[in-house]
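In what follows, chain A forms one complex with chain B and a second complex with chain C.
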Partner chain A sequence: MATTVVTSADIASEAPRSDFGRVLAQRERRFAAALLAPAFLALLATTTFPLLFLIYTSAFRTDLAMPFTNGFVGFENYQVLLSDERFWTSLLVSLVYTGSTVALQVIIGLALALLVMDMKRGQGWFRVIAILPVVLSPAVVGMIWRTFMLAPEFGIVDFLAINAGLGSKNWLGDPTLAMVSVIAIHTWQWTPFAFMVLLASLASLPEDIYEAARLDRASAWQRFRRITLPLLRPAIVMVIIMRTMVALTAFAAIFTVTAGGPGTATEILNLYAYRKSFTELSIGYGSALAVALLIVTIIISGILFAMRRAR
Partner chain B sequence: MTAKRLRVFALLAISVVFLLAWAFPIIWSVLNSLKTDSDVLAYPPKLVFAPTLDAYRDVLFGSGSILPNLLSSVIISVGTTVVTMLMAVPAAYALARLRFRGKRFAGFYVLATQMLPPVGIIIPYFLVLRNIGWIDTYQGIILIYLSFSLPFAIWLLVSYFEDIPFEMEEAAYLDGASRLKTLWRIIIPQVRGGIAVTVVFVFLNAWNEFLFAVVLSGNTVRPVTVAMFNFVSVEQTLWAKLAAVSVLAMLPVVVLGVVAQKHIVKGLTVGAVKGGGRR
Partner chain C sequence: MTSFKPTRRTLLKTGTAAAALATFGPGILRHASAQDADLAPYKSAQIDWQQVSGETITVAVIPASYFENLITLAPQFKALTGIDVRFEKIPPAQIRQKSVIDLTSKTGTYATHAADPMYYALYAANKWVEPLDTYLNDKSLTDQAWFKLDDIIPAWRSANGIDGKLYGMPYDGEVTIQVYRKDLYDAKGLKPADTLEAYMSNAAALNTPNDRVWGAALRGVAGAGQNMYIYPSIFREFGGDWMKGGKLTVNGPEAEAALAWYVDIMKKYAPTAAANWNWPDIADAFSQGTVASYIDAHSSASVINNPEKSKVIGKVAYARWPKGPSGKRTTSIWNWGFPINSALPEKKRKATWLFIQWAASAETQARTAHRFAGPTKRSGVNRTSVWKDPDYIKLMNGFGENFVEAAMGALQDDTDVDWRPRVPQWPAIGDTMATAIQSALSGQATIKAALDDAQRRIEPMMRG
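Presenting the complex of A and B:
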């Protein structure tokens, strides 16, 4: 049956018109379908199906601790969510965490890339060292920081604080300091990523524009503002998009370092959804929170992709 | 000091500070793993001490050994990598080099799946896997790891496949080689480097994953990143052992990272540098 179907898409596209060509094109389509099938089936099963099931689950009360209360509740989970103070707090924490870590990564990463760019020697050191945090597991990173770096009294950060005259601080026990700490840890781990990407982009910029600018006696700052920044813009926006997506759904490092605490001081939306579902075992409400996180992600990425296109 | 010298000196100082800041937590964990608990807790922190491998001996061969957990991590990571590559290479090839209807949509679909928050995937998956008894199994974890490893691998591989000149496969095809043969004999060897980079990335991501592992692991299958928590409890922290476990968990990824350093940077930047230019 399929052998005789010629769609308008075929004719409209640059597909060959001869019979021989048509057979070839058809073979190509079948070959493509066969190659794509396994991956797309797996993606359907592991991403699309869970998404649909998640939305379905969010319309139920599914309490693993109290199964007798379970049942269809429609939009009730979402109504509860809108007046749930902990939800709004976690949303705010998410935005602060994402906004500040991404900004710090891009600013520090760019500054360092510019600095290292001009180095005649020692670039190699930066490249090797920078790879380390990026490849480490965020869970291990969180553990190291929580114990050997931030622990009161003998952690290195606390040791430095004491010697700097600041005194011993409860880095993870104080709400504000805990937030600063998790932001610092995320920034520590991922700034090298921004640094490497921006350094590579800097290296690919055409040298002759700078020569011309120097001949025109443009100052270093002018060259940066007028040449480097605009040329680097696509890379910077791309880094922002990639890092934002990760920061919004960061989990392991915060989970290991503070588990969202003290109280809910570092509980990002992602962590709240996890806690609701797997600690408090109310999976229906947890699903609604996850859907909310998805909506937030879509809105933010929509804004960022619009930024990417705008000139 | 002249202004220029001052500048050079400032640059050097900044560099040293940053290199130290990045490397220190890792170096410090390695040092702590070679200490005794009392040396770890010493104040001021000890830089000079009598190194011992006791912590490693204990976590590897003592009671509550983490060897099974390291093995779990290896099985999960290798399994994920193999399954991912078997699916991703053909898919990426099709997306990069074949002409078919719905190609744009297929590409968009792969990208879009990457945006799903993992916590949203794990909640429904947990319910399903619990029903079919796949919690605490390798197949359960490897299957769900495909949700993030596949889109990433496909997307990365497409960028490598796109770089091969078309003439090569046309020539092979006209010589009478079948499509599949062309792919296997001509194209794959061309993107060997790209495949290697993708393998490294997929392995790293699987080794480092935590959220899915926490929810789906149990007594049989528990990767080292999760098992690490055994060494920190409310009553006491086994400092030197925790450091030793952390170092063991870091070891494979750090070795891979340093060995594949140049390629990793390329892999990381492919999207960012090219991404700007793409439609």
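Presenting the complex of A and C:
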């Protein structure tokens, strides 16, 4: 690309037209604003307003079961929340769920991407097959796993477990196994996303660096550790950020598979907020829980973004 | 979670109905239009059916065959009253939420809806629905001698009433009964259980997982209409009292004994998967021959007698709920009733009442049950007189041995209005209890800890 050098003469020649130019620019800006306005208003109405309304609702006691007790309570819902054991349990469940699914997705996704990169044939097919789980609706995924895969005595996973000598397990009825199962389901569904992103980044890495490393007799592990990982870092961090935000607010698959059960073993914060609001009809407290989830998500993503900028 | 009731059954029935309609459709339609003219049984009522002619009302129901039959007859109602009825079908899992939202916002979208009996306390406390006595006692709106309120099953009426006032008119309902495999019981010389203890020992005798037959199954999945559909019966049978000394109590020795019995039978003699099963899953397993007995709604009989899927037709028999240590049998009080939305203008309320009166009348009940022209007949009619009708009995006895006796006995003698705590806070209480029961079942908490925790969580809900 040729570089344009701006000389003082050029600027001088522009000067007489500047007034007209400013008016034109202003008009153009106004026109752009007018074009943008509907979309902007729609965005305000569908994202910002509900959010503000959520925060507003959380300052009230809004109990459909006992409307005579409704009224402004300020921060009371949040005070109750801090001493609500089930809130802390569900927050912990959310963090365990998010942490483990994201870690698994990145590790398995990266491993798959490295494997597929070396494939000489059939890469295209593999990509198509791998992407399938992502396009399924989480609720459908949940139903499939609940009935075909995990049902004791009747499901495929249990059949495999029995044949592997592990015996029949109550996959969704045992608190620990239920947690493992929902983590496995989420990982199964979303690993392809990490895989595709990492594969694309891998494909764009410069070959000459590897060439140089090979000449220097760097081992495969050294090349991975010293070249691939650092170069992939931005992509990996991006995957972690995106998957974390989604995993924290996961809902449909868990809702259909365990509905938070057995007991509260897989009740992530989002599910607890839903149950409080729509099953127990305590809209105010449910809103406070949703706001708490929002805050947690913002904090965690903030930390991740900060880590991305560091170094 | 709300209950997820007749989805599979509905699907089956709609499928069968569609197939049958394609085959016999023209015949049925001719039949239906012939009935249009036959409004004489309604016209014998001493009221002016046409008094609010021209009104339009919207009725929310669940997609189930018993409402489909009613929808089929709606043209007759239009011919009789001049009132247009628009039906909206909402799955059972959402109908409670949708109607509560409609009632809270006072938009009056649904003039009436298929209502959960446990919600009337909530509706009445908020004055969201009308007390029905106003309408029943208005001579211009109701001919009491014709309508015969007393004929409607008393337990369902009291379930839909608060402090003696009726808020919803029962349309279709069910009772919980024992369903068992007669062939397996006979082979071992067993009798249907008379007590919970005997039920457990029967289950033990028949439990042979290696042959893929389990002794028993009860609803295990958590939810106010799921595991909390079965547990309240056991709790009451063990002598439990929801409102002990006027205070809502869910823990204590009776509750612990009841929950222990439930957890015990589920862990020892039910398929492991049953911990996550609702009634369609149980009925499916039973119809595949893998469960020797279960206790559930009598309406699931149609699933286990579906000739396309069931392998146990002709081998099924029924008995009443086994007695508990307190000597009581306690079945459910479940029914879908129709309340009147208070947010409606007066004329529409009248129209709604005329619709309810028509739907709950003996004539319509019979026309949607054994006298229905289509392939699926109702098994949950609301009237004692229909339950005693020989044609209806003949139809019901097709479900298996002792079906009518068991269901009738349960309807008359085993119902218990205080089956579940009838308070406005029920949605929250039911969900909390459901979670507690499941955490005890899964071993996440001990029985006592689960119940004590539920009590701790429920107390602040009751304080208001």
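Rule of thumb we're sticking to: the second predicted complex is superposed on the first by the 294 of 311 C-alpha atoms of A that agree within 3 Å, B and C clash if a C-alpha of one lies under 4 Å from a C-alpha of the other, contacts with A are read in each partner's own complex, and residues count from 1 in each chain.
Going forward, a residue touches a chain if its C-beta (ideal position, glycine included) is under 8 Å from a C-beta of that chain, and two chains touch if they have at least 3 such contacts.
If you're wondering where the values come from, they're calculated on a predicted model, not measured in any experiment.
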{"item": "Partner touching more residues of chain A, whether chain B or chain C", "value": "B"}
{"item": "Touched partner set for A:Ala139, first chain B, second chain C, both or neither", "value": "first"}
{"item": "First, second, both or neither for A:Thr69, with chain B first and chain C second", "value": "second"}
{"item": "Touching partner for A:Ala220 - first (chain B), second (chain C), both, neither", "value": "neither"}
{"item": "Which superposed partner A:Phe278 touches (first chain B, second chain C, both, neither)", "value": "both"}
{"item": "Partner chain in contact with A:Glu153 - chain B first, chain C second, else both or neither", "value": "both"}
{"item": "First (chain B), second (chain C), both or neither touched by A:Trp125", "value": "first"}
{"item": "First, second, both or neither for A:Asn170, with chain B first and chain C second", "value": "second"}
{"item": "Touching both chain B and chain C, residues of chain A", "value": "153-154, 278"}
{"item": "Interface residues, chain A side, partner chain B - complex", "value": "7, 9, 13, 15, 25, 27-29, 31-36, 38-40, 42-43, 45-51, 53-54, 57, 62, 112, 115-116, 118-119, 122, 125-141, 143-145, 147-149, 153-154, 156, 159, 188, 192-193, 196-197, 200-201, 204, 233-235, 237-239, 242, 245, 248-249, 251-252, 255-256, 270, 273-274, 277-278, 283, 286-287, 290-291, 293-294, 297-298, 301, 308"}
{"item": "Contacting residues of chain B [partner chain A, same complex]", "value": "11, 14-15, 18-19, 21-26, 28-29, 32, 40-45, 86-88, 90-91, 93-95, 98-101, 103, 106, 109-110, 113-121, 123-128, 143-144, 146-147, 150-151, 154, 179-180, 204, 207-211, 214-215, 225-226, 228-229, 232, 237, 239, 242-243, 246, 249-250, 253-254, 256-258, 261, 264-266, 268-269, 271-273, 275-277"}
{"item": "Complex contact set, residues of chain A against chain C", "value": "64-69, 86, 146, 151-154, 168, 170, 172-175, 178, 258-265, 275, 278-282"}
{"item": "In the complex, chain C residues that touch chain A", "value": "1-2, 97, 100, 104, 122, 125-126, 209, 212, 220-224, 271-273, 275-276, 424-428, 431-432, 435-436, 438-445, 450, 457, 461, 464"}
